[in-house]
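Same chain, two partners: chain A is paired with chain B first, then with chain C.
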Partner chain A sequence: MKRYILKRVLTGIVIVLVSVCINFVLIRCAPGDPVRILAGLDDPNEDQIAVLTAQYGLDKSIPEQFVVYIGNVLRGDFGFSYVNQKQVIDLIAEKVVPTLLLSLSALTIAVLGGTLLGIYCARKNGKLIDKALCAVSYVFDATPSFWLGLMLILIFASWLGILPTSGMENMRGHYTGIRHVLDVMQHMILPVGTLALIQFPYYFRIARSSVLQVMSEDFITTLRATGMKEKKIFNKYVLRNALIPTVTILGSSLAFLLSGSVYIETVFSWPGMGRLLFDSIGKRDYPVLSGIYLILAITVAVMMILVDVVYSLIDPRIKYD
Partner chain B sequence: MALLEIKNLNITYKMKDKSVYAVQDADITLESQDAVGIVGESGSGKSTLAMGVLRLLPKTAVTEGEALFEGKNLLTLSQDELSKVRWNEISVVFQKSMNALSPVHKIGKQMEDVYLIHRPKASKQEIRERIYELFRIVNLSERVYELYPHELSGGMMQRISIALSLILNPKLLVLDEATTALDVVTQSQILREIMQLQEKFHLTRLMITHDVSVVASTCNKVVVMYAGRIMEKGHVEDVLVNPKHPYTQGLLKSFPSFHGEKTDLRGIPGSLPDLSVRPEGCVFAPRCPYATDECRNKMPELKAAGDGKHEWQVACHRNGR
Partner chain C sequence: MKKKLSAFGKELRRNSQLRSGLILLAILLIGAIGAPVFATHDPFALYDSIRVAPGTDGFIFGTDALGRDIFSQILYGAQTSLKIGVIAASISAVVGTLIGGIAGYFGGVVDKIIVEFINIFVMTPSFFLILIIVAIYGSDIRYVMIVIGLTSWPSNARLMRAQAISLRQRTFVKSAQAIGVSRLSIMFKHIIPNGIFPIIANTTMQISGAILTEAGLSFLGLGDPNIVSWGQMISAGKTYLTKAPWISAIPGVFVVITVLTFFLIGEGLNRFISPKMENNK
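Moving on to the complex of A and B:
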């Protein structure tokens, strides 16, 4: 097991390096120049542009820039944001909390809600409620997240006027203590709701099909033949077997959620990493983009290792020796 | 009083557009300490019959008739009363023993759970001793207690299934193709063990198999089924030595014999009829070499055969002519 984890950590490092390299090259190949964007379109000062280009090291070739960047990262220097005039690491640290708040709440609701509904529908297999919930899950599975977000804003913020349209807190409120917490929670309802509605079909369908599959296994017949109560068969034997797939997809979907909330954060002006990423793409803020991609790559790699380890803990059939 | 008396049993799978008559008008009597084998090709309804009596079939199967176990009709018992009979009085060894237990729970723990269903006040110590005792009986080491099903071979899992079936000292043991999946060496070892156990614990045994040689070597009575109907039944030394029914004769010709002259192995031409159609005549008539118009138009009833010393019944118009 230890050797396996070591091997996975090493491959994880390679994956992160490769992904950082690809991202680094790709954003620099994209049309647009951060210095020209900073200088403005109306009256660009060519001298100023030349000075800034040299200062940011953008006059060097891409491989040279990459070597410098990796060297800096290894020394703990993630660069300086052109646009925000802040250290990238500070910028990300400031945005990561709102993003985690958003994605973890949405994930919790989606996983709990989707799984419980999935189990419920598996027990009511073929009944009207099962068919209805399956239909609902297909609809949300096929809905684009930004569109759903806009619709929810339209209904709950514009028409009904019961929820705020955007942001994480009331800018004019200057609330403190419990009022502040309540204010943030109120602002969370729509974005978290949108993300949860988009994510829940995934967990719903996995739980439902997994429970149905386990209930048709031979060992369930054995347990019935022994006179065990249906309730105990379900709670102890069916669930333990059926929830393995849900646990294993949790890790990968958390990583997906971190980057996937870009649209939602943009639609709801949520001050998180997704929106920072979106804004930085528009302004070609290379150091911020590289920093965010690096963090995402590390998160995905770590989650994949964690999933494998957890998988071997909950399923005795999985061994990595 | 017979231990188990199956009277006029009919099992029908009700589907949306048709009904499949899997078992029709079956009468089987098991005296205490009998070893009865039910033989027939795949799809003849032998497993359905046993599972129907134990009420382990899916809800689409409708079971009618009577199955009197010590005078109690298993088919009309309440769920609670049935739970008390299950495993305490009647236990089963299933065909696919590799899947007979939950893959993610330890074998010992699952056996504990089964013991606790019927002896809820048993102490840990008592249960563990009982399980170790069973392991000794079926020639398994005590360490199996801590293992998972996938860590054992097919033969070992079959022994586990047998040990589990004996855990509460049942009166009737149903073996549903219990040795079919094993290699011949393991099969003969396990069959020998089963017969020793039957003697030691005064068990009554119902053996479901498509292998006539298994019945010949381990049972005292045999029931031959074809297309959901009983063709012939009686003592092994009558039915399998001097078969009266053309189907039994064909079945015996399909197996090689160790002794006696070498003859060509012959199968029975044709295949099982469509069980959703109930023919007017004998179900075997389309494949029977002796079929006459009478056979095709009139269903033969089970009638006594032989010299009347033993109970021996055959459903064939040629019987007694």
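Moving on to the complex of A and C:
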């Protein structure tokens, strides 16, 4: 067991290192010379360029620069955004909470809703409701999240006029206390709803097929032969085994969730990391792009390892070698 | 061959997913290939009728904010989507098959290293990698296809590896080894051809993923500006959502239909390979 956890942690460290390397190479090989841009393109002053090159450590050899870069990342220094004149880590820190609020709410709804519907459909296997919900899940799986967001804005904000179009709070409201919370919640309905609708098919299909899978296994037939009540078999044996795959994919679905929130935040002007990413693309603010990528890579790796370890604790069938 | 064809015909009658998927694909292909014939206008031309509703002035789907004909853009956009989907997924299939085939057939240390490599690759958030690469190095459509292809091969590699592990135990592979056929030629002549079917089904599904990724990149402003793309059309209509909702709505509907088409074909093929799954559907 200890060996298994150790192995997973080692894999995690390798992943982080690989991501750091990819990042370094991508930024170093990017076209354009930042120092020349900083020094002014019209009338470059060679002395100034030399000073700036030395100031940013760009006169050192590539391996030296790489060591400096790794040292910086380890200290939590992900670079400096020239566009925003701020440390990348500070920029990202400001945006973490809104993104977590949005994506975790959507994840909760998608996992609960998708799993419950999946279990329900598995019990109604082959009936009309099952077929209809399967079709719906395919359609949402095929729908681009940003387009769904736009269509929901069109229907609920523009035509029906019952929900706000974008943002996280009413800028003119200056609400405090409970009114502020209600205001934010009202602004969350559309973005969270869109993200949850895009994510639910994933959990729906996994729950549905694993319930069906477990129900067709021999030990269930044996339990039936012993005369145990269907309800008890389902609640006690089928459900427990069928929910394991959902737990396993939670870690890997994090990247999927965060990529979805980039689109949703862009569409709904939600002040989170996705929106920051979008703005940074427009402004060609590479340090922010690479900082976000690195933080996400680390988070995803940590989450997946945590889930793997938890999973190996729940399911004794996992082999540790 | 004749036998195989008639088996496929039988499958088509039985397998409604595969059937409807292939019919939709045929329609899409006709639209995309025949775009120059069917297009009523030049997709890049700016007409005087700005933001006219579908059906007016001979513009079947209306025009966008610059006065471009949406119907013709949809037809040319189909070319882009299909091309990106098929080429990116093919790159993924080739890379995945080779890596997975080598890992599964050669086994041993090679296999262990490749499996670890795949595990690491799966755990990096590929969407953000694609985003950064395209943002930094430019949004040429060729880059987009290559980058999508090179970040989505691990699922194919896993499938091929599993196939290769089971195939290498089979008598015909053992016999080939016994008469001294080289390992590489066994891999290309026996292992890959016999184990390719699940990869074909998975690749079909990946076409969907590639089309969605391209649409998303275009929506974020990272599309190739020199081509017509459905994602760019949706993005262009965003500003006029309330006044001219069709500019964004119509291309989105086509993205959904196209992605669904490849889902249906992929699911249909999967069912064809493993009829056991029928109980689970």
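Worth a mention:
Keep in mind that, in the parts below, the second predicted complex is superposed on the first by the 274 of 321 C-alpha atoms of A that agree within 3 Å, B and C clash if a C-alpha of one lies under 4 Å from a C-alpha of the other, contacts with A are read in each partner's own complex, and residues count from 1 in each chain.
The working rule: a contact is a pair of C-beta atoms (placed from the backbone, for glycine too) under 8 Å apart; a residue touches a chain by one contact, two chains touch by 3 or more.
No experiment lies behind these values; they were computed from the predicted model shown.
Partners chain B and chain C fit side by side in the overlay (superposition on chain A).
When the shared chain is aligned, chain B comes close enough to touch A:Gly227, but chain C does not. Shared-chain residue A:Lys236: touches chain B; no touch with chain C.
Using the contact criterion defined above for the overlaid structures, shared-chain residue A:Trp147 touches chain C, although it does not reach chain B. In the superposition on chain A, A:Asp218 makes contact with chain B only, while chain C stays out of contact range.
In the superposition on chain A, contact is made by A:Ile244 with chain B only, not with chain C. For chain A, the partner that touches more of its residues is C, with chain B and chain C as the two candidates. By the touch criterion defined above, A:Tyr263 lies against chain C but remains apart from chain B after alignment on the C-alpha atoms of chain A. Legend: residue contacts after superposition of the two complexes on their common chain; A:Leu289 is shown touching chain C, with no touch to chain B. The superposition-derived angle at chain A (between chain B and chain C) is 70°, Cα centres, a multiple of 10. Looking at the shared chain after the overlay, A:Asp315 reaches chain B, while chain C stays out of its contact range. Of all Cα pairs linking chain B with chain C in the superposition, the shortest spans 13 Å. Against chain A, in their complex, chain C makes its touches with residues 116, 119-120, 122-129, 131-133, 135-138, 208, 212, 215-216, 219-222, 231, 234, 238, 241-242, 245, 248-249, 252, 255-256, 259-260, 263, 279-281.
The residues of chain B lying in touch with chain A in their complex are 54, 56, 82-88, 91-92, 94, 96, 99-105, 113-114, 117-118, 148, 150, 164. Put simply, chain A touches chain B in their complex at residues 217-219, 221-229, 232, 236-237, 240-241, 244, 314-317.
Chain A contributes residues 11, 14-15, 18-19, 22, 26-27, 30-31, 134, 138-139, 141-147, 150-151, 153-154, 158, 209, 212-213, 216, 252, 255-256, 258-259, 262-263, 266-267, 277-278, 281-282, 284, 286, 289-290, 292-293, 296-297, 300-301, 304 to its touches with chain C in the complex.
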